[in-house]
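Quick one: the structure is below, questions incoming.
As written, the chains take the letters A, B, C, D and E, and residue 1 is the first residue of each chain.
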Amino acid sequence: MSTHPCTPLLDVKDLRKTYTSRQGLFGRATSEVRAIDGVSFHIGHKEILGLVGESGSGKSTTGRVVLRLEEPTGGEVFFEGNRITDLPPLELKPYRRQMQVVFQDPYAALNPRMTVGDFVTEPLIVHHLADNRTERQDRVAELFRQVGLDPAFMARYPHEFSGGQRQRVNIARAIAMRPRLIVADEPITALDVSIQAQIVNLFQDLQQELGMAYLFIAHDLSMVRYLCHRVAVMLRGRIVEMAPTEAIFTDPLHPYTRSLLSAIPVPKPAIERQRHPIPFDYEREKPAPDATLQEVAPDHFVLISP
Amino acid sequence: MTRYMAAKFGEALIAIWGVVTIVFFVTRLVGDPVALLLPVGASPEQMQALTAALGLDKPLWQQYLTFFWQVLGGDFGQSFQFNRPAMEVVLERMPATIQLALVAIVLGTVIGGLAGSIAATRRGSVIEFVVMTLALLGQATPVFWLGIMLILLFAVDLGWLPTGGYGSPSHLVLPAFTLAVFVSASIARLLRSSMLDVLKEDYVRTARAKGLLPGTIFVWHLARNALIPVVTMIGILTGELLGGSVVTETVFAWPGVGRLIVQAIETKDFPVIQAGVAMIAAIYVGINLLVDLLYMVIDPRIGGRG
Amino acid sequence: MKRFFLALLRSRSGLFGMVLLVAFIGAALLAPVLDLPNPVRGDLKARLAPPTWTSPFSPGAHPLGTDQLGRDILSRIVHGSQITLAVAASAVVLGGIVGVFLGIVAGYRGGMVDRILMRLVDIQLAIPLMLLALLVVAALGPSLSNLIVVLAVTSWIRYARIIRGQVLSLREREFVLAARAISAPTSRIMLRHILPNVLTPALVVATLELARIIIMDAALSFLGLGVQPPTASWGRMLAEGRTYISSAWWIVTFPGLAILLTVLSVNLVGDWLRDYFDPRLRT
Amino acid sequence: MAPLLQIRNLTVAFDTPAGVVHAVNDVSYDLEEGETLGIVGESGSGKSVHVLAMTGLIARPPGRIVAGSVLFEGRDLLTMPERELRDLRGGRIGFVFQDPMTSLNPVLTVERQLVELLVRHQPLSKAQARKRAIELLELVRIPDAEKRIGQYPHQFSGGMRQRVMIAIGVACNPRLLIADEATTALDVTVQAQILDMMRDLKRAFGTTIIWITHDMGVVAGLADTVQVMYAGRILERGPVDAVFDDPRNAYTWGLLQSLPTAERRAEGRLHQIPGSPPNLAAPQVGDPFAPRNAFATPRCFKEMPPLKQVEHGAPGHLAAAWYDLPAALKAKGLAMGGVA
Amino acid sequence: ETATIALAVNINTLDPHMSASFGSDLSLLSHVYPALILRGPDLKLQPALAKSWTPVNDTTWRFELVPGAKFANGEALDAKAVRWNLDRVRDPKVNARIKSWFDLVKDVRVIDPTTLEVETSAPFPAFADQLSMFFLLPPEWAATHNPATETMSGGPYQITENVPGDHITLKANPTYFGEKPAFDTAIFRTIPEPSSRIAALLAGEVDLITGVPPSELKRIKDSGKANSGATPSTRSVFIKFNTQKAPLDNKLVRQAMNYAVDKTAIGDSIFEGLAYISPCEILTPAYFGFNPDLKPYAYDPAKAKALLKQSGANLSQPIEMDVPVATYLQGQEVAQVVAAQLGEVGLNVKITEMDFGAYMNKYLKSRTLAQTSLLTHGWPTIDADGQLTLLAPGNQYAYWDNAAFGKAVEAGRSTTDKAARLAAYKTATSIMCEEAPVLFLYAQPNTYGTSKRVVWQPRADDWVRAYDLKPAAK
């Protein structure tokens, strides 16, 4: 694995995923959903890229396909310059060590019949990162401390934890292998605000201490603004705008981005009551099929018809 | 979808071929019909002559090839006992078997369905206790015991129904009921546990929150979703009954294929065994296909991925 | 251990089932030292004696009567429980292990593997039990272990089918996705993630199978498979007593009751164990 | 005029093998006709359970309503025969559930799930109901409603399913709408549209709304009154402006502090409440938040403070605290409102 | 007037040459097809199509047939038809199951339409008996029809309905040359389960059942709804010794085992006193050649023990006993009692049960019968010749090799002179008694139940025939 300073950590090129589904018993009519339709972006080392957008626009699908949890219909994914899109499972394994995932529902992602300690230990075993028991235990205890959990909790089952604690367990497992990239698919949506804060702080600490990069999928734009370095905005399977966070928030160019930003609710009753979000009519402002992302300002890309 | 059906059909043929092949070799390993076909005192030479006449003296592989070509032409050979085409003998018994199996399944499903739903919806009540105890009894009671008790009561003491035999609907009552007891016990237990699982589902709560009438909730939200394991079970049981229920057929002198096949096994009538088993295999595979289609009708999520 | 008993005491039906089951197992283990008549040696003069309590004139002290060869039924039930329980338990466990394993493989791997396994199930279902039993006897001879094999062979299918159904939905769960995300080998996913989550349905099937298997012992003894006379097993007692159903009801009724009570107790204990082993229902 | 909804001493427990879980403890409040109540609070604080218990929708067993009464239009829902309650649910009381993934029946088409509700409560024919159902889907901004109505829930994305749930909740123009985290899975544009729709509903039908959410911004925009829950209890309640600007309970303050504001961005650190939530199966003494509360007084650990009108506060602003939060904050030199 | 008869097994084939099952296929076909000779319930041979049969010499029989007999289709039932039938069973291409019965037949000569001569290759004293189970097909009809599934009556009844596996209905055949049966209609039903057969009898559905467990006979009688009874059959039950295996190669051991078993107790208990205890021979009094002078081995465990000791045989190994399941009336129970009683004298008998097919495989194909096995022999001609030949040296059924016995049996076969034959069988049975190649037990009782509407004379062999039934006197 070459680690050239110029190659981004993750490079996604023209990624596509189409779902075909049967309709009716004999399914003569099959319907196609283009969940992602030519998505390109990259994530640098230690960078946090926020992925926001319409619900159903293909954010989760992008996350899953990048990690090869689902096979893409087209396009390529490079990790540190190495193409991982067609690798067979065994060759994929070293890359899996470098990329991890945290899901939206912290409970669903935990095995209800496994102690959280075992759950966090699993990657160490699979990747032979610690080969004797005590070493593993020490490593897991260390991971627990790192995510702010008492190592004494290792013997407990998931249902004995609060939502925030569960999400920490998931994160502990994700970072156990010291990955370079974490795909976080709405990791805080189900949590209450104070727990959201805990998790976001944790992400930030890990990024700083361990040098991790993130693909951070979220609906909560104020959290995205707080956490992310760059933001990509998705609409119906395509990225319509991508730019450094402040550029997006201060200078949104695509009408959908504008509409999105105008709709962020703020916890100030007085302001909230007066606000009128800018409407966005997809049918009217639909991007042309041949539209491409173009750099309109340094590092600021917008989907424009040629 | 037509490809799907074609594939299923191919699989079915392969399965039937597998069964017939296995049975071919098993029967020839297990015994020799000649000693049973000839009267006592037959000399070894006579035995040999008959062996040769039945084609059982050739090497096994050669017998198999002959048999295989015959079967391809739809001919399962002449029965040793009946001296006529084995498939004909088997088909002759099918109507009785089908009659009994269908009535028993329908009766058992209705009773078991009612019992299971009552038990599930009246959790913790006396009714549940009674119903489930009966189901337990139904499962732990030997069929021959139940059958004979029913005969003694309804045919001998009360004289309401015939003791056995085949013909009028009244002949059907006792054997069908006996089988239905077993069927309904299985279905009741399975449906109850499956309904209890469904009852915990959020969408049942949604249905109640919609103020729907209990009947609507029961049919469309509870039953429909609890049906898959029950359908699997009904499939297995229907197959089992269509393949013949030896004990019931014996106790009630019912001329079904089950008894026929057992008789054929006892007398080592290979062609009838093979024809019978091929028939049963076809039934199983057919029912399986039906169950798979039913799965798709019941749950639109199934089969979506083909 | 203490917690186990506390939990047991808290569940009334679980306790009842456990007491019953322990009583049966205890009786089976203690059979040789209990002061019971010889279970295999009968007194032809005292044959078909009704239970002592039904008639003041019945000869000898046979609380549950005697069978067609004048053997004490109580003693045969108690001694028979050794073999019956051992055979049934082994067959349930053996069939369970194979069935659960194949069910998981079929459900998780899907595709070709699933199809092949499910067709195998069809094939197995289509082959009459009797042929299967005869094959085993012909190939391996009648013996207890072969009886267990036959019973297990008829049993794995049910586990396989039901477990497969469960796995089909389990494999879409996020924690399985999470395991795949760390490239956990398939064997590990099936063993550590899927298996623990299908143990409860497996337990339900096992309790259902137990009844079937004990009764099937009776059917198989018509083929000369398994427990050889004069040794007693409950299934055998049912089979042998079948002719006397209407003239000497006690010969089949008492072994039948023993089966029923065993099935009942195992069901109660099974229900309770299911709750007990569900970590979600524990502190 | 009497309030539309009067809840008194509602107490709900779950019997689990691990012991009795006290999910809702002695909750009382009133809701006026046309009022919108926003409920926020800890995960697992009983927000969902208390609204479910109100309408007889918790699973019994293990759930159990220990005490309390819930008067809706003057009649007690808790003692009302199931038959009458059934007529209310879905009609005069609409519900939007928290989890759109599991709250829709996976084997029925969206059409069916809407139509069965409409014909149950309104004198509509099947065809009319279907037309109305399509209107409803359009109302919640589902593109291609006419085509998608015949699809099954699994063919919808999470956000779309949530919108179907909302359509179900508002289908019969309910007098009381209970929405449990109804917009969490939606992007903000669609969320804004849904909130607009709620405002329209209020305006057009005077609908009373209970809106449970984690999003303080949504509360700010939609609610008249906000209520903060923790460990099955109401810790603070009052007009939105008053509570947001002048929180009197330490937990409320903690929540508001956790929000990512510009200030926090500059600081580079979010505020978080230390400690972990209480175990509801353990017996509770005193203020449940006390162990995590930097301002707790010894009394907090012994006795649960009553929910009472705050001193010098807006009318209707109630809080449960033995300590004086503004004073304590001032003493530590901390800011008052999280968003001020 | 209808008589209903319950059979335990299915009617498998309608071709009388393709089955050797007296109790089912042949019993039914005896209603439909004519025979030259029939055996009455008293076991005496009666003329049927043949008015008389006389030996012309040691190897030739002459038959005079009833003139003018016809099949229902008008086909003549004459000497030519008989010859065609005898040719058919002997034709190797036909593969008749009963071919072995007529192995000795060398030539069949039609003298005139009502006279027939059969020449055998050796004296065949039991030929007439053998013909009582041989039924005649109409030759011309058979050329164009399948006798396995169709029938053309020439006997007392004709088939009017056949529901395979369930029942066959017979109506009296108006063209029958013989005596008209008492019942116009006869129904043969298949009821495999003994308890169900009894139930059917008690419910008044059937008039005649056989194979009733002995313990149920009294119950039937006591019910007041039906009659029941039993008669000793021609089927002799014994424990066969494999004298090729130690320690059964030791005569003293074999005798000891005969002393060790209390046959009377078995008969009295398991068979409710209805079993005829074999007097040290495998013939029953019904057989030609029965030796009335023999006495059963006494029940004498002490003597048995002494003999065992005297034998010097090594008895440390268990003695295996093969028992076919569900084959013989109360067979498995008897085997258990015998094993237990042998245990009392210090023999360790281990029972192995197996299905009949597997048993026959061991017996005849792999020839690996265990040291002991439960077996019955009954010879349909009720002649000592067949029954004893089974144990003659060299016979595949024998598992015993005694030259003197073989010679005696041979002597009995080589003449048609009754006195000489009786003498030969006396010698044979005496040798067998002394040598004890089997453990003599009893003659299996034929048990039955009848409704009060009919009377039936029970018979020692397996035939079940409607034309033997008579309406009960009102």
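In this section, a residue touches a chain if its C-beta (ideal position, glycine included) is under 8 Å from a C-beta of that chain, and two chains touch if they have at least 3 such contacts.
Chain labels with UniProt names: A = Peptide ABC transporter ATP-binding protein; B, C = Oligopeptide ABC transporter permease protein; D = Oligopeptide ABC transporter.
Note that the structure is predicted; figures quoted are calculated from it, not measured.
A.B. asks: So which chains are sitting against chain B and chain E at once?
C.D. replies: C
A.B. asks: Out of B-C and A-C, which chain pair has the most contact pairs?
C.D. replies: Contact tally favours B-C.
A.B. asks: Quick check for the class: compute each chain's Cα centroid; which one is farthest from the centroid of chain A?
C.D. replies: Comparing chain centres, E lies farthest from chain A.
A.B. asks: Could you grab the centroid distance between chain A and chain E? Build each centroid from C-alpha atoms only and quote it in angstrom.
C.D. replies: Between these chains, centre-to-centre, one finds 87 Å.
A.B. asks: Measure off the straight-line distance from the CA centroid of chain B to the CA centroid of chain D (Oligopeptide ABC transporter), and report it in whole Å.
C.D. replies: The answer is 53 Å.
A.B. asks: At least two other chains touched by the same residue of chain A: list those residues.
C.D. replies: Expected reply: 21.
A.B. asks: Could you say which residues in chain B touch two or more other chains, in rising order?
C.D. replies: Within chain B, residues 30-31, 144, 148, 152, 265, 304 contact more than one other chain.
A.B. asks: What parts of chain C, by residue number, touch at least two of the other chains?
C.D. replies: Those would be 134, 138, 242, 245-246, 282-283.
A.B. asks: If we count contacts the way the header does, which residues on chain C are in touch with chain E in the complex?
C.D. replies: 40-42, 44-45, 47-48, 68-70, 134, 137-138, 142, 221-224, 228-230, 240, 242-248
A.B. asks: List the residues on chain A that touch chain D (Oligopeptide ABC transporter) in their complex, please.
C.D. replies: It comes out as residues 21, 23, 31, 52-57, 162-165, 189-198, 200-201, 204, 219-223, 225-227, 256, 259-260, 263-273, 275, 277, 280, 282.
A.B. asks: Please name which positions on chain D (Oligopeptide ABC transporter) make contact with chain A in the complex.
C.D. replies: Of all residues in chain D (Oligopeptide ABC transporter), those touching chain A are 40-44, 143, 151, 155-160, 162, 184-192, 195, 214-221, 240-241, 244, 254-256, 258-261, 264-265, 268-273, 276-277, 338-339.
A.B. asks: Which residues of chain D (Oligopeptide ABC transporter) touch chain B in the complex?
C.D. replies: Its residues touching chain B are 52, 55, 57, 59, 61, 86-91, 95, 97, 99, 102-108, 112, 116-117, 120-121, 152, 154, 165, 168.
A.B. asks: How about chain C: which of its residues touch chain B in the complex?
C.D. replies: Residue positions touching the partner: 115, 118-120, 122-123, 125-128, 130-131, 134-135, 138-139, 158, 161-162, 165, 204, 208, 211-212, 215, 218-219, 238, 242, 245-246, 252, 256, 259-260, 263-264, 267.
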